[in-house]
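Same chain, two partners: chain A is paired with chain B first, then with chain C.
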Partner chain A sequence: MRPGTLIALLGLALAATLCWSLMVGAVPVRIGVVLNTLFGLDGPRQDFIITRSRLPRGLLAALTGGALALSGAIIQTILRNDLASPKIIGINAGAALGVLTASLLLPKLSASYLPLAAAVGAALAAGLVFLLFELRAVSSARLILIGVALGLFFEAIVDFLLITVPGAAVSGPLIWLTGSLWERGWPELSLIWLPLTVLFAITGLLSYRLDLLRLGRAQAVGLGVRVRRERLVLLTLATMLAALSVSVVGVMGFVGLMAPHLARALVGWRHRLLLPAAGLIGAILVTFADATGRIIAPPAEISAGILTAFIGAPFFIVILWRNRREVQP
Partner chain B sequence: MSLSLSAVSAGYNRFRLRDVSLDIPPGSFTALIGPNGCGKSTLLKVILQLLRLDQGRITLAGQSLAGLGPRQLARELAYLPQHPVAPAGITVEELVGYGRAPHQNFLGRRRSADQRLINHALERVGIADLRKEPVEQLSGGQRQRVFIALCVAQDAPWILLDEPTSFLDLKHQYETLDLLAELNRDGKTCVAVLHDIGQAARYADRLVMMQSGQVVAQGRPEAVITPERLHAVYGVDAHVYADPVTGTRAVSLKSNRVDDKTYT
Partner chain C sequence: MMVQRLSISALTGTIILAGAVFSLATGGRADVGAAEIWQALTGPGQGVALTILQDIRLPRSLAAGLLGMTLGVSGLILQTITLNPLASPAILGINQGAAVGMIGALIWPGLLAPEWLSIAAALVAGFVTFAISGGLAGRIDPMRLVLGGVAVGTFAYAAVRFTFTLDDVLAQQVLRWTVGDIADLRWSAVVRLAAIGLPALALSFALAHRLNLMALGPVGSQSLGHDPRLTLILGLILAAVLCGVSVSVAGPIAFIGLIAPHIARRLIGGDHRGLMPTTALCGAGVMLLADGFSKWLLAPLEAPVGVISALIGAPWFLWLTLRAKELH
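Showing the complex of A and B:
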């Protein structure tokens, strides 16, 4: 199948998943009612459930899933390492620590500031990893080890705080740490849709630069690329994409690693195709996981972060197994 | 139009270039030779600005390289790194196409002239029939041709190659060198790091011999390759003689073990 067709199909799949996510939940809604509500048609409608709750949530899931996937695709290309993901450059752990620190130091802080604390923590952690990367020209494998070590260090602090601090103060952040879209809606969406759209557009424009950087530093320099500068721009972009998502939906680590791999297996490695494919796959994954989490044990919800790993991991392993070429360095 | 280094110092902590001065005339085929770690690859990296220059000056046709932007530099000098990378799944034509990057805009928009030069490069290097093949499925020798085609598509008058023959078997080593000699006849100036002194003497018209980050000799192969210098630079006792096939300099090492009497 031609790559263009594949991407169009992924787009359709996302639309279908979004539609389905509007139908399911504690109160099931038929497809006819969903369409009536969305397009203002005559007939029975469910304005409150669809418009107020599920629609913004579905859109939020799609946007953040796409952002995490793009972030992962950029990082894997820049570091030329298939193990890389936003998690590796310390985004998750940094965000977690940011949220926890903020809610412990400033217990009176409104929950709406938690995203900001997450973004700051994520950006600081990523900045620290990049700084080490740029200060000394370490190999990407070593950078990843540094990122892993830093992540474990942060996680240890998080665990320490969770154990030593009385329960009530950290129960809110705890849900957030598993990556959930629970009670997210228009306020969060209105906050991040514009910055994310702008970041998506910039990432798309940089497809060709990513192609060139994928050839390795020596070759890229030989082809006239300002490698250090472009790498810095792209890594900043990746950090912002991931930090923005994490700030709203919490820690959802697996999408950023998995979506680019699935996309590469489908459309190859050229970023003009890879980026849209990865973004769509990420969006589908998180939207699907969020909707599924609502119907497994209603009215309780299972976090989308948990389900992305639960659904995605076996699928991911199968893809890697069948496509062994892709995992070799 | 020559490429000149004057009093260049640069490099990593261990492998430093010290006070290197050298002049490479346009149209030449220059081979950089010397023992491992002598700074041959470092020299190429400094010219390409992969490594920062600590001291000295590098000029191309009298103009300082530091004044050229990276894209402009890439239009003058094409580079084949020692370990070039082919991403999984990339086809020959796609990879060669990236040679046009210094001539394209930021987004990589391709014009008809680009496609023409890509086709020319594929044919010049003799891989036009492989254009749709994935690079990773080619043999080592074919893969090296693909990367040389990338340099040809780059359409730069200079081609700098870091050990282009090192990981090839004998047949492909000579095929690669023959190809470089043809490109040289087409008018490309070739600068290659080579390990085999006999091959260097046979294909290059100029040698630059290095040791511990310094240039110890440069000039015609007959002048550079002498038993004394091989002893001083490589620490070997060697015979230097005219190759019976090509008439160029060839080297045979003396050994303590075998019957070397024929040459004493």
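Showing the complex of A and C:
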């Protein structure tokens, strides 16, 4: 099948998943009613459930899933390591630390500053990773270990903050830390859709440079790429993509890892095709996980992040297993 | 030489222990300090101080010390059999696996004693991580070991968090040990911990010689007629038992199993016959200090001891990954 057709099919699959996510939940809604509500047709409608709650949530899931997937694809390419992802190298935990520090220490802060706090925290983690990678020239395998350690350190601080800050409401952050779209809606969507769209566009424009960087440092330099600067730009891009999604849906594990892998299996290595495919797959994954979490034990909800971890951790193990000849440091 | 080293380690261990016990006696919720406790001990055995000492402080400190020993030795065994200074029960996912076992014990009470269920689950997690890293085939890849452990641990934690959503009462019980807390441990917990922990510690000491051979590396140890795979499996089982029983009592306390062996190795060197008891002492010392801090830092409130140990241990782990040469 041609890659273009595959991407079109992925787009259709995303539309179908979104549609399905509008139907399911504590109150099931039939497909006819969903379509009536969405397109303002005559007949029975469910304005409150669909437009107020499920539609923004589904869109948020798709956007953040896509952002995480792109972030993962960029990171895997610039580190030239299949096992990398925003979560593994500590960017997600950094963003979480930023958001929690801001919201716990400055409780009066408006929620619209939280993406900024996430970006600061994530940039901290990414900056350290970048410095080590570029200046001390550590191997990418060891960089991942350092990222894991950094993530654990940030998580320890997060736990400490959650427990020690007096009067902090803990249950909200706890749900958010597992990665959940619970109680997310139009306000969050209006906050992040524009920056994310801009970042998507920039990522698309830079896809050619990712192709070059993927060749490796020597070849890229030979082709006239200023490797260090390009890496810095792309890592910043990946960090911002991950930070914005973490600021809204929390630490959604393994999406940034799985989506690029699946996309590569479908359309290969050229980033002009790989990036849209990865983005769509990430969007489908998170939308699907969120909708599934609502129907497992209604009216209770299982956080989408728990479900992505359930799928993602075994997936990660399979990659480790298949790469056992290659990851030797 | 050996005697001298042993006496150094014994001295250091005693000082650590004494300091930790002191910090324990002075901290705490009730208005009882070291002076009051000393009075209660020396004077006629009556009063609030004595009750607090007997029923609250003493079992808690004993539990902390025992936990430090079991976790520390468990970490040491793992570091030796994997030949990897980054290994520890938490990094390899064994801690989190044991936590899943505890959830199982809550969901199906009466299936098995919680300790044993948690040990069994720890064992499963350990074997999965080892299988991923290639350890069961005899050659452990350090990178895959850590990453596999992280994956196993994340998966197990997803399972633990999954239960939060099933039932509110269950969620409350579970939340208490996801960070590792020893605030409510009394004598019954100490007995449960000691009943399995002490025999397992004794067995670990008996394994010291095999671990020494293991530490020579695969070539060296096989040339001396030692089967590394047997030691690997025995060590994994012991490490899982030690870690499982401590998780069943106090929850997954991270990083003690990482720190204690490193401190002990600094003090006494690599011979496991001395290293093993020193690690146990250092584990107890670090754990007691962490417990003292957990009570003193936010007094009159308490921070769970797991949070304190993570705050000390996570930067340590970061530093280890930054300077470990073995990974190049």
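Worth pointing out:
Everything below uses one rule, namely that the second predicted complex is superposed on the first by the 275 of 329 C-alpha atoms of A that agree within 3 Å, B and C clash if a C-alpha of one lies under 4 Å from a C-alpha of the other, contacts with A are read in each partner's own complex, and residues count from 1 in each chain.
Everything below uses one rule, namely that a residue touches a chain if its C-beta (ideal position, glycine included) is under 8 Å from a C-beta of that chain, and two chains touch if they have at least 3 such contacts.
Since the structure is predicted, the reported quantities are computational estimates derived from the model, not experimental observations.
Using the contact criterion defined above for the overlaid structures, shared-chain residue A:Leu205 touches chain B, although it does not reach chain C.
Residue by residue along chain A, chain B and chain C are tallied for touches, and C comes out ahead.
Of the two partner chains placed around the shared chain by superposition, chain C is the only one that A:Ile157 touches, whereas chain B remains out of contact. When the shared chain is aligned, chain B comes close enough to touch A:Arg270, but chain C does not.
With both structures placed on the common chain, the touch criterion links A:Arg80 to chain B but leaves chain C unconnected.
By the touch criterion defined above, A:Arg214 reaches chain B but does not reach chain C.
Contacts of A:Arg226 after superposition on the shared chain: chain B is touched, whereas chain C is not. Common to the chain B and chain C contact sets on chain A are residues 328. Within the complex formed with chain A, the chain B residues making contact are 45, 48-50, 69-75, 77-85, 87-90, 94, 98-99, 101-102, 104, 106-108, 136, 154. For chain A in complex with chain C, the touching residues are 83, 88, 132, 139, 141-142, 144-146, 148-150, 152-153, 155-157, 159-160, 163-164, 178, 253-254, 297, 300-303, 306-307, 309-310, 312-314, 316-317, 320-321, 324, 327-329.
By the touch rule above, chain C contacts chain A in their complex via residues 86, 128, 132, 134, 141-144, 146-148, 150-152, 154-155, 157-159, 161-162, 165-166, 179, 254, 297-298, 301, 303-304, 306-307, 310-311, 313-315, 317-318, 320-322, 327-328. On the chain A side of its complex with chain B, the touching residues are 80, 205, 207-209, 211-212, 214-219, 221-226, 264, 268-270, 325-326, 328.
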